[in-house]
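Shared between the two complexes below is chain A, which has chain B as its partner in the first and chain C in the second.
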Partner chain A sequence: MTRISGKYLAKRIVVSYLTLLVIMSLLFVLLRSMPGSFITSMISSGMTAEQIERIRETWGLNEPLWKQYVQFMINYQTGNFGRSPTYNAQVWDLIVRRMPRTLVLFGSTFIIGFIIGPLVGMYLGWWRGSTKDKSIFSTSLLLYSMPSFWISWLFIWVINYELDWLPSAYMFTQFPEFEWTAFTVMRDVLYHIALPVMSLTFIGWVGSMLIMRPTMNQVTDEGYVFLARAKGLSERTVMVKHAARNALIPVATGAVVSLAFLIDGSVIIENVFNWPGMGQIIVSAVLNRDFPVAQAVFFMLALLIVVMRLLTDVVYTYLDPRIKFGEGE
Partner chain B sequence: MTLLEVNDLSIRYAVDDGSSVHATDDVSFSVERGETYGLVGESGCGKTTLAKSLVHLLDDNGYVENGNVWFDGTLPQWSDEQGDATQSVIDDPDKPVRADGKTDLAALTNAQIRDIRWRDIAIIPQSAMNALNPVYKVGDQIVEAILRHEPETTADEAHERARDLLERVGIEPDRADDYAHQFSGGMKQRAVIAMAMACSPDLLIADEPTTALDVIIQDRILEELEKLQEEFGVSILVISHDISVMAEICDRMAVMYGGKVMESGPKDEIFGETANPYTLGLKNSFPTITSADQDLVSIPGTPPTLRDPDDGCRFRDRCPFAIEECHASHPPMYDVEAAESLGRSEEGTDERAHRSACYRIDELEQLRTDAIEESTWTEQRIESR
Partner chain C sequence: MATEQSDSGQDGRSIRRRWEPRIERLRRGWDRYTEHKIGVVGLIILIIYALWSIAPGVFAPHSPDWVAYLGEPPIKSRLTGEQIRSLPHPPAFGDPFFAPFGTNSLGNGVLTLVIYSAQNAMYIGLAAGMLSSLVGVPLGLISGFYGDTWIDEAIQRFVDIMYGLPFLPFLIVLVAIRGITTTNIIIGIAVTSWLNNCITVRGETLSLKERSYVESAKVAGASDTRIIFRHIMPNVLPISFVFLAQDAAGAVIAQASLAYLGLADFTANSWGLMLENIKSTGYVFKAWWWLIPPGIALMLMAASFYFIGFSMEDVTNPQR
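The block that comes next holds the complex of A and B.
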């Protein structure tokens, strides 16, 4: 049972598509307004003007800018992301290889954070004003004000450098002595992902807790919470089933926003942990004026956010039956 | 058969500065099986607090200072097949059950009272319109109550009963699959009433059951309650500030002011032979449909704050009839009938009789005549007293 009409969904998809077109155009303009050209990295000082001209010709840089733009838009909509001059590979292949790595790291951080945060927020909101609430809340604010890369360095220093429990870099063991089976690979990835996930969730849960706590506190005064108690339900059932269920609705909005911030953070965190994902190539692509890669990576991130927004609407209708999309349109 | 006996119940709210608010002070009343008992009074007089305290639903800072709430019924684990308390439970000095099988609800723990809630005493809260959870189907919320207290019921049976209950209060059974926002105000109210009857409680507490509704719907809700009372034989404790609601449905009632019962007894006697200045004032301030050009006279002033109150009569600051004695102590509940023939004498011990807390109980004729005059109730008159 979904309360999203097909017509509404179609409309939302069209709007999302247009949004992506605008983002693509912006990307094209923004990257090209940076100083330098994307063939700079291919030119060495000994090249003749003729050779440079040939490179420009090959990469289509002699065409007028509007023609380049039209070609770019056509390519993207036909799934042709072009070739990276710096990585000397198809951009699509780069993305297919790196995107899952980023998703694994930030997806698990995201999920763990959005389990811990609302749970803690539920308890703190329910017992608001208690000593426990006050101490946990102020501690979490302290955590929240720490930059994630700094926390990451702390974790690397203590857990990797001092205690030597977990690796601080890469996704796999570099020169493995074990056999590569599905099981050993999975174990190896878990071993490598533990430290970055730990340091990211160490502060990552606070955001959703900050949304959950006040809404939870608000719903404790609602008539249905009183009635649930009057029915003889246990405090736990009242808190989880009647109060928290209602307080979750604003958390869903927060989830999309925080996903955007998480991905922002990936640029820094992937470099701190030497994690071979998208965040890493964003930096090198921009520094090297590798426009095809930069464009594609930014585009994929935008796509992720747009898709998440669409999903939130669906999640909303499940969380709150009062919300209907597309009725009367 | 008495279902509920509230004896000297005093409820306090703790305040940050260490003082306490006396929400009710030594309130006593009793409700018979199958009867409708009304608690009437201005807002802030303690009637809702009183009702909530019966099933321990007070806010966090509220507590019972003293008193008992004897209820004819007991915990499932303490009762035999007929639902009466077993002899061993009665004999056990640690269990708050007395010889006639009544249980002192005020002495139960939080875990214990949860078994009493809804199964024995259901409460329709003041904000019944907001009492339905917006994210669950109305029918499921009724089912939840049934399964909580009768876990042996199958889900299908419970759903069937929920639909049946809705039908009884005049809601299409199929609406059980709807959400609260798809119901009108009156329907929500009726759905909560249906939910309250889910476990056939012995006592139904209806807190301002009609307040937010228009007059036509009000009337229908009151009829609904009366119908259910006939069908289920449930006792109803109605709380309202609206004495016209009381006049319509109560058998007996208590008029509360400032945490005290001022007058109590059979409804007809309270309305016909009003015996307390506060009730007289309250009657003045409500319109009656029979006398169209009647001037409404309100009681000047506001109710007392009840924070560490002094010993005098709670109503004396607003009472045009107050005398010296009223400042010294709050009057006991005098038996009205006895006072008429014998003058002010003994405190009335029969809780069912017409009783009034007023030192001038022997001058009733005079009070009633004066109370009709608007000039009696003017501010100056009371202040220059």
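The block that comes next holds the complex of A and C.
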């Protein structure tokens, strides 16, 4: 408790908040500088100039840009995300409906990837230089080099198209014949999530392995590992209980950094598998110039990343007593 | 005459004396590099791709405009209905034409397209990797050298901001703003991928600037610029090469992902564009001979960059 000063914490929170504000401003500028406007899709060729003017008026596009910007910033501070022209719904409702779906996909991939990755990294780092290490390491690098949509296509082709074991699209069965109870819904979701999660973790676990392997290798030379061996503990106990625990700290940092990487993965995967989440709408929103939705989804993702980074810094001081924050870092 | 000869002989000797340690160091580095088989494999793959991109015509059986049944351009006749229905044509013996990996739905040879696309991927990988190193390494050096001052603070806050923007959606916005060309895709990838270089280089610099040789350079009156670029940068370069390789691999994959989302440069042959064409023509699960080669080619190029990068990491790791 005492290791983090309140002043430092307050400073970090303020800085994170300012970071978010800058990100929002950047988003506003970037999205506005894209060619085309989001009312383009509403305008048909038969409209008179007056009608088009009225549409511009209702969406507030006739205001000067700085006024739009101020309004945008004020609205986001008060949690008013506006209305989507293409989905014809409140953006906030859209996000609330889609966020959990993305989190289910995202979370399960994250958890599975961060169980497999560090475990494999632990073994490879401990026996670095052995034939086993070399072959597994190069294979995993090959996996890491695959484009995620391509490997998903291969999975869909074999498992869905040829073998017909698992569904390849959507989150639920489209016209279910079974009773709609909590159990069947859960089973149905699990059935549909299997293939996307498989494709995403097939590549995703390598990231944490790549961080774990070198740190594990460094830890093997430490004095306390030597001591644990000298005490007569078994190789396995030394590796898991003494070495791996300390090697896990950089992996935790890497987890936060790889959050952003996983977002990319889920953007692609959601599009491949027609998963009705945020990754799917962010792409279509940007391509259709649906600025309210694009801004809101970018904002939510940025919020997620900024908050996670803040939390790790704070949680760190409890994990590792050697780190002291607030004293000039 | 005699004195001149002895002079040149001395010169030669002194040049050799000057260069011998460097060549020796290079040879030792090369020996350590070849200890890792994956590094050698990566280098071989990359050399093959380099040859492909320099002279695709030598390796490809046809030109990319070749069409099955009709042959090389200029093409005067048209495909018959029956011939069109047989496309995309799987690789098979006894065809009236020669296409080792089959053809795509337009009748172009898949192998030919794969070979001709190497150039684009090579260009994107190397250019994006170098650009992001050119941004990330100097910023990391400056940020680390002026650690705990407002310069460091400003650069780090900027990195924080960039980290808050998810890579791929942000890349889509950047590419959409500037138009879909290969150059803009490279710039977009570079703008979004220099962050890791910057942070790692900063960390290295923070520890390097406490070393005694930096102190003595400072005492000797060297300017900050000189210390950063003459004394610290050479020690940071190896690790930044590792990141260059990784960024190059990431760029190749990112280009394919962009192409999947429909943001490919349609004027240049690329593996991403081939995959996008399979999707848009609806042959993803029907034409395996068209789906698998571009993916494998892409994977091997990214993997070769990773292989080289990770073996470099071992070579340059001072602890081993």
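Simple rule for what comes next: the second predicted complex is superposed on the first by the 315 of 329 C-alpha atoms of A that agree within 3 Å, B and C clash if a C-alpha of one lies under 4 Å from a C-alpha of the other, contacts with A are read in each partner's own complex, and residues count from 1 in each chain.
As a working rule, a contact is a pair of C-beta atoms (placed from the backbone, for glycine too) under 8 Å apart; a residue touches a chain by one contact, two chains touch by 3 or more.
Keep in mind that what you see is a predicted model, and the values were worked out from it rather than measured.
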Which of chain B and chain C A:14 touches, first, second, both or neither: neither
Which of chain B and chain C A:74 touches, first, second, both or neither: neither
Which superposed partner A:223 touches (first chain B, second chain C, both, neither): first
Which of chain B and chain C A:267 touches, first, second, both or neither: second
Per-residue contact with chain A, leading partner among chain C and chain B: C
Partner chain in contact with A:245 - chain B first, chain C second, else both or neither: first
Touched partner set for A:35, first chain B, second chain C, both or neither: second
First (chain B), second (chain C), both or neither touched by A:307: neither
First, second, both or neither for A:147, with chain B first and chain C second: second
Touching residues on chain A, where the partner in the complex is chain B: 222-224, 226-234, 242, 245-246, 319-322
Complex contacts: residues of chain C adjacent to chain A: 37-38, 41, 148, 157, 160-161, 163-170, 172-174, 176-177, 196, 249, 253, 256-257, 260-262, 272, 275, 284-285, 288, 291-292, 295, 298-303, 306-307, 310, 313, 319
Complex contacts: residues of chain B adjacent to chain A: 55, 57, 114-119, 122-123, 125, 127-135, 144-145, 148-149, 179, 181, 192, 195
List of chain A residues in touch with chain C within their complex: 15, 19-20, 22-23, 26-27, 30-31, 33-35, 134, 137-138, 141-142, 144-151, 153-154, 156-157, 161, 214, 218, 257, 260-261, 263-264, 267-268, 271, 282-283, 286-287, 294, 297-298, 301-302, 305-306, 309, 328-329
